[in-house]
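Shared chain: subunit A. Partners: subunit B in the first complex, subunit C in the second.
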Partner chain A sequence: MYGFEALSFNIHGGYLEAIVRGHRSGLLTTADYNNLCQCETLDDIKMHLSATEYGPYLQNEPSPLHTTTIVEKCTLKLVDDYKHMLCQATEPLSTFLEYITYGHMIDNVVLIVTGTLHERDVQELLEKCHPLGMFDSIATLAVAQNMRELYRLVLVDTPLAPYFSECITSEDLDDMNIEIMRNTLYKAYLEDFYRFCQKLGGATAEIMSDLLAFEADRRAVNITINSIGTELTRDDRRKLYSNFGLFYPYGHEELAVCEDIDQVRAVMEKYPPYQSIFAKLSYGESQMLDKAFYEEEVKRHCLAFEQQFHYAVFFAYMRLREQEIRNLMWISECVAQNQKSRVHDSVVFIF
Partner chain B sequence: MEEDRRKDDEDNKLALQFMDSLHNYLSLTHSLSSTLRQGWLELASAKHSMGTSRVNTSVLDLKSHSASTTLKITENDDGTQPQFTLQKWVSSEHESTKLEDKNEHPQDSDTKSSATEATLTKNLTGLADNDEVRKERDKSLSVFGVLISPKLRATQLSFEKALETLIDIANMRSSVLNSFTQLHKEVEDTKE
Partner chain C sequence: MDLLRSEPMQLVQLIIPIEAAHRSISYLGDLGLFQFKDLNENKSPFQQTYASQVKRCGEMTRTLRLFKEQMMKAGISPPTRSTKDSGLDLEKLEVKLKELEAELLEINANNEKLQHTYNELVEYKLVLEKVGEFFSSAQNNAVARQRELEVQPIVETSIDSPLLMEQDATCPIKHIKLGFISGLVSREKSIPFERILFRATRGNVFLKQAIVDHHVQDPLSGDKVHKNVFVIFYSGERVKSKIIKICDAFGANRYPFSDELGKQFQMMTEVSGRIAELKTTIDAGLLHRSTLLQKIGYQFESWNLLLKKEKSIYRILNMLNINVTKKCLLAEGWCPISAARQIQKVLLQATMECNSQVGTIFQVLQTKELPPTYFYTNNFTCSFQEIVDAYGIAKYQEANPGVYTIITFPFLFAVMFGDWGHGICLLLVTLYFIINEKKISSQKLGDILEMVFGGRYIIMMMALFSIYTGLIYNEFFSIPFELFGPTAYGCRDPSCRDSTTIGLIKVRDTYPFGVDPKWHGTRSELPFLNSLKMKMSILLGVSQMNLGIILSYYNAKYFGNNINIWHQFVPQMIFLNSLFGYLSLLIIVKWCTGSQADLYHVMIYMFLSPTDDLGENQLFVGQKFFQVTLLLLALIAVPWMLLPKPFLLKKQHEERHKGQSYSLLYSGEDPLESESHSIHLDHKEFEFSEIFVHQLIHTIEFVLGAVSNTASYLRLWALSLAHSELSSVFYDKVLLLAWGYNNTIVLIVGIIVFICATVGVLLVMESLSAFLHALRLHWVEFQNKFYEGDGYKFSPFSFTSLTDEDGI
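What follows is the complex of A and B.
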């Protein structure tokens, strides 16, 4: 029952909540980012990161460094933190932690299928997969010719199996079908995660509802903007929106018929929580929309740590760490391309 | 006397043509550098927005397919000044209707730089409005997925502009070398 978590949460979740709050305090601060933004080379970035929790992961990397190496090694830090928490967790926290990785699993499945369609080598594709989304039979995805085979041969034994019910067809896989499959799977995953959190109840349900609703709404806006000018019909676009969130159902009806960014803005401005996002952008501009969304997301995830005895801190930590890795990727690219004046275009400070 | 004056005028004209071509060549290389910088940053921005699993070299298509853009080289009769022409967004379905030919005809030096700029602007504007060209562009980008960020589309336009600038540079270089050869020949003739 909500309000009584303080009595029993620490029995099974106390240790891991302490661990994740410790990890949170290791996130990079504004001072760290200011130092990183002044670096002249990628080796300078490595030197600054050696004093942070990423130090052990980068110390053995030889020069010259590449931006992809920095991102890969920093991702390993996230993976190690996650695996430590997962192996210490009991139910239902262990299931909750597994849910966090299903998005990466979907991305990996789509990467393998797309790469195979383009006659790429499977080993090369496996190296590009996100480590949090790996599962045992992932390499077997390369033999499937359509979604029915994809499901029957490989995915039936994975956690993604329940999400396939809406997209099993015998049509051959092509770019459009793969894109629809990606978004349909992600929609089903988000809705399933939402239902799971609702079942957990208490503070977890309350905080995760807000975070997942924001995720669903952001997805809806991105799908709308990215599908403008493409062959995706309005009905197909509408089917990719999740069945929850602030925009559900009336906002989705309006987003489905938008033909440009200004119409999307007009829809979003009707919802007070999203007015501040578009207030930062000028009319017709969509370049800074991603940064505005990331800033709002970071704000919400930081607020999750203000309350105790719930699982949303684990989700928030993973997302904040991913944002940090995105920041490091952007800073590395700007330094590598000698465009430091553009660093602040996409860096989102967490603290 | 009249003949000497005419010869001087021709020499001056050649010298001006050479210097004009060289100036345009240097301007174009500077323009290419800034366009490529912009393109690479936009690609990084697209990777940041869509994720590194969606924008990476391992999703590029290795199946055999016809080139979307080809280069045609024509030479004048004496083979001194090759001319480079870009045929953009010509897929196998649309071979009979070339969507765009760039830099087909050599131009006078007096109007070359302004005409080149006008051609570039016209090409980019005209191409942007053409439905067939948009379909070809989308087809090229479909290796990264169908629902892609506007940042990736902006990247494509930047690199497209860079390719056009490269062809302009090649033609300008050809013109510079031709002018230099003629000027050198005149100087040698004068010495004799």
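What follows is the complex of A and C.
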């Protein structure tokens, strides 16, 4: 009911919104990060985290810790939060929450398919999958030889099935078309998610369209940068861009013809919201672009919490927590490998 | 009167030589009379001095948790309290725990390996059984059908004859080379498994499943799950590799199977033999493990306790400031002045035992900070003190309402719960708790029982007082008793059996104690009791409120606050007593003289038209003049409360401010001194409007409160009325009614209903509601007259609180 969220939102969504806001206040703060950056060993990190919400998940780990254990346990916390919320959610929030995981599903599918292509052990690959993107028959993906089989065998049962309509070919799988598949799937997913949010209306639509547009634009830029110098044709590249976002449609025309990173930059600087990203970067620098995007993303997700009575907080919380886990992974890697000078390279402070 | 004011406290600085630190803290923990201040609040946990020890303790608690988990799994419960002290220190314990953990983990790993093989064999056996069964039945079927086919050449060509059967029969003849795979898959995955197989092979397989009735332990995860045995028939190598991949993906364990009967039999015996062999090995391993766990279990509690102690000691040590020279630790904290000698003795002992060259320095600091509040309580008083603490911890050295609560709380409860039968029931319950105090306190109780046990002395007092008020009300499950002699009233003539008092005359002296039993059941019982209880409630209320105001006087006097005495206490006393004190006086006069005056009328017209003649409502001579005086006094008291205090405070502040500026001028030369001055005199900004508004609110609250609080005490009457009416309903409508049927079964049912209603409604629910109302009367009506309650509790570092905590 557009404009009347304040009246009716709390009937179904109030409890979960409170929960998610509670979780959000459990995110690590700058002070926490500063302390973490000073840690000497992984045990120090564990000790510090034991005072945070990750405490119960790490307390039973025996002492020689590994980065993977830390990340695994922290992800477990995220997954537990998510599952709790999903159990409590009613329509349409439950569908919304499910949509959040589809991105991980796509990544997992791609991971397994590429892995089997390179003759990796399926069990080992399964361990690397993000637990949020798991579905029942994920391991069966290894059986498939081409896209058509992939679809027919496994994915037809998953929510990803409709996204596949564009990329069913009988070609055998290789690195190139797996990557194209990933991006096509992602495009279809983002567009579907966007439509779903528009259907929900109200503040959810407003905020989510902003967040998703950013996501779509970021993907467009990444696709462009990654496809420079490959055999991907301009038209194919153009097809991978999602049909919404700030760049749509004129920016896409320009991005499709970019030949190097500075051209991309020139395209992006025409859009005021993205100008600030480049303000800090010098020409020709593309590694730092990722971090700049992450920072911008975190900022936008934090802003989502400023409004009440909408679902974007759930999306934002999940993304922020994922960013936090990425940060933790980076910090613990730096600590484990004695590269403490590089700690600040990739950590994105959330608050 | 230890309980009236908090123990005098002092801020103390301890300088402890580092070698004696651990022992000193441990002794202080045993003593439990010292509250440490955290001097390292802004340091992150791993920067603290004893971070590594804390980490080690954490590691050891983790090991203990592991042990506990393993013990739970093995079904061994550690003895709840082990009396003997293990006498280990931290280092030895650490080594020991590490050894034990390694041993346990090794045993577990071995067991797991064995269990894995065992489970695999069990599954294999299942496959052999089920698939063998299937094969033999299939063969029988096939043979039978073939025979059928031979016997009846294709004559029947009716529509009914199944087409498939023919195909089936011809199938094995056409494709002789059929491979098969057999194994187990968990039941909930069996449907998707089948579906995927069908899709992947385009339906070119034949899958046969058989349900295993009991749980099967999965060799990989060790969980018990329902499983299905399956056999897949296929043709071709490519399909085989696909099927194998799918099996792996679904976690289906494959086992080889041969279709020759002889081989099957041989395998069967082999597998059974190995299973039996493994079983004994596993049992031996488990036995070994459980003895190890039992050994751990014996000492588990003492280790746990030791670790908790060590952990808390290091937590305290981390709160201390370490000196630059790293030779001594600096501690600050609060302790009662009376305990100073004990603390010093303990510290001395610690340094002596550690052969430290210098002793610990015990130094009292001067501070402006508000000390914590600490009352010595015992078993009896502590629960009463908790009632007060639940509202707010007393400000340091403020008068503690807990002292009066010990009597007034159970008394007010009993006014609402007056029935000596119910009182005796309560008393019996609580006496059971008190007599078995030692036994019960050592065991774990449920939530509600714990609460009852914690408040056992309150309940005892409440029960005693309700016996007393019950005797006054003459209530025993609403049956009147002539305990203190015969009733004073008798019938004037034999016709007065209609339960009215009109036909009664006084034949004897007044009934000596409490309510005359004759009132019970008469038509005028209610008006009589109502009038009595209502008036009594007002008397009790006015006296308790007066006590509250008087306590505010003692507080003001103790803190030397003359403004509060003259401009708060005095007008408040005047206001309350000129209105409701006067009402109380009227009540007493009316009782004494037996006058028929209408007190409502007197009170109402005292305000509406004070100059009017009282007429028949006059109780004593000069009442009109007296009333007018009281009214005027009350009117004066209101601005008296409101106006002078803020202005006086302002004046006081200005004077102090003047003095401060002078002193600053004089001591300007000495920077150190001026600094100390400014610390002493640093004063909050004086905001006159804020003070005035505050005083305004306070005054309005008191004036309105005087009326509403007095009315609030009428709940004493209301609840007591409800209680007696309910009990009479249960008695008359249940017990007497059942009695009237002259039928044993009805009587038994009646008695059961009566007991349930009495226990459930009267003893439990009514006592709870009376408890809550008594609590409200104390917190709101009594304590708001004087109690600030903005202090904080003295929470000393003590080991005794550690042992109570559960879990690790």
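The criterion applied here is as follows: the second predicted complex is superposed on the first by the 350 of 351 C-alpha atoms of A that agree within 3 Å, B and C clash if a C-alpha of one lies under 4 Å from a C-alpha of the other, contacts with A are read in each partner's own complex, and residues count from 1 in each chain.
We adopt the following convention: a residue touches a chain if its C-beta (ideal position, glycine included) is under 8 Å from a C-beta of that chain, and two chains touch if they have at least 3 such contacts.
Remember, predicted model here, so these are calculated numbers, not experimental data.
Of the two partner chains, neither subunit B nor subunit C is touched by A:T69. Contacts of A:H130 after superposition on the shared chain: subunit B is touched, whereas subunit C is not. Of the two partner chains, neither subunit B nor subunit C is touched by A:T95.
In the overlay built on the shared chain, the residue A:D345 is in contact with subunit B alone; subunit C does not reach it.
Between subunit B and subunit C, B touches the greater number of residues of subunit A.
When the two structures are aligned on the shared chain, A:S209 is found in touch with neither subunit B nor subunit C. Legend: residue contacts after superposition of the two complexes on their common chain; A:H48 is shown touching subunit C, with no touch to subunit B. In the superposition on chain A, A:Q38 contacts subunit C only, with no contact to subunit B.
In the superposition on chain A, A:I223 makes contact with subunit B only, not with subunit C. Those residues of subunit C lying in contact with subunit A across their complex are 44-47, 51, 54-55, 58-59, 62, 65-66, 189, 192, 196, 199-200, 242, 245-246, 248-251.
For subunit A in complex with subunit B, the residues that touch the partner chain are 68, 71, 107-108, 111, 114-115, 118-120, 124-125, 127-130, 175-176, 178-179, 182-183, 222-223, 225-227, 229-232, 286-287, 290, 326, 329-330, 333-334, 337, 339, 342, 345-346. In the complex of the two chains, the subunit B residues touching subunit A come out as 37, 40-41, 44-45, 47-49, 51-54, 56, 58-63, 134, 138, 142-143, 145-151, 154. On the subunit A side of its complex with subunit C, the touching residues are 35, 38-40, 43-44, 47-48, 50-51, 59-63, 122, 136-137, 139-143, 149, 152-154, 157.
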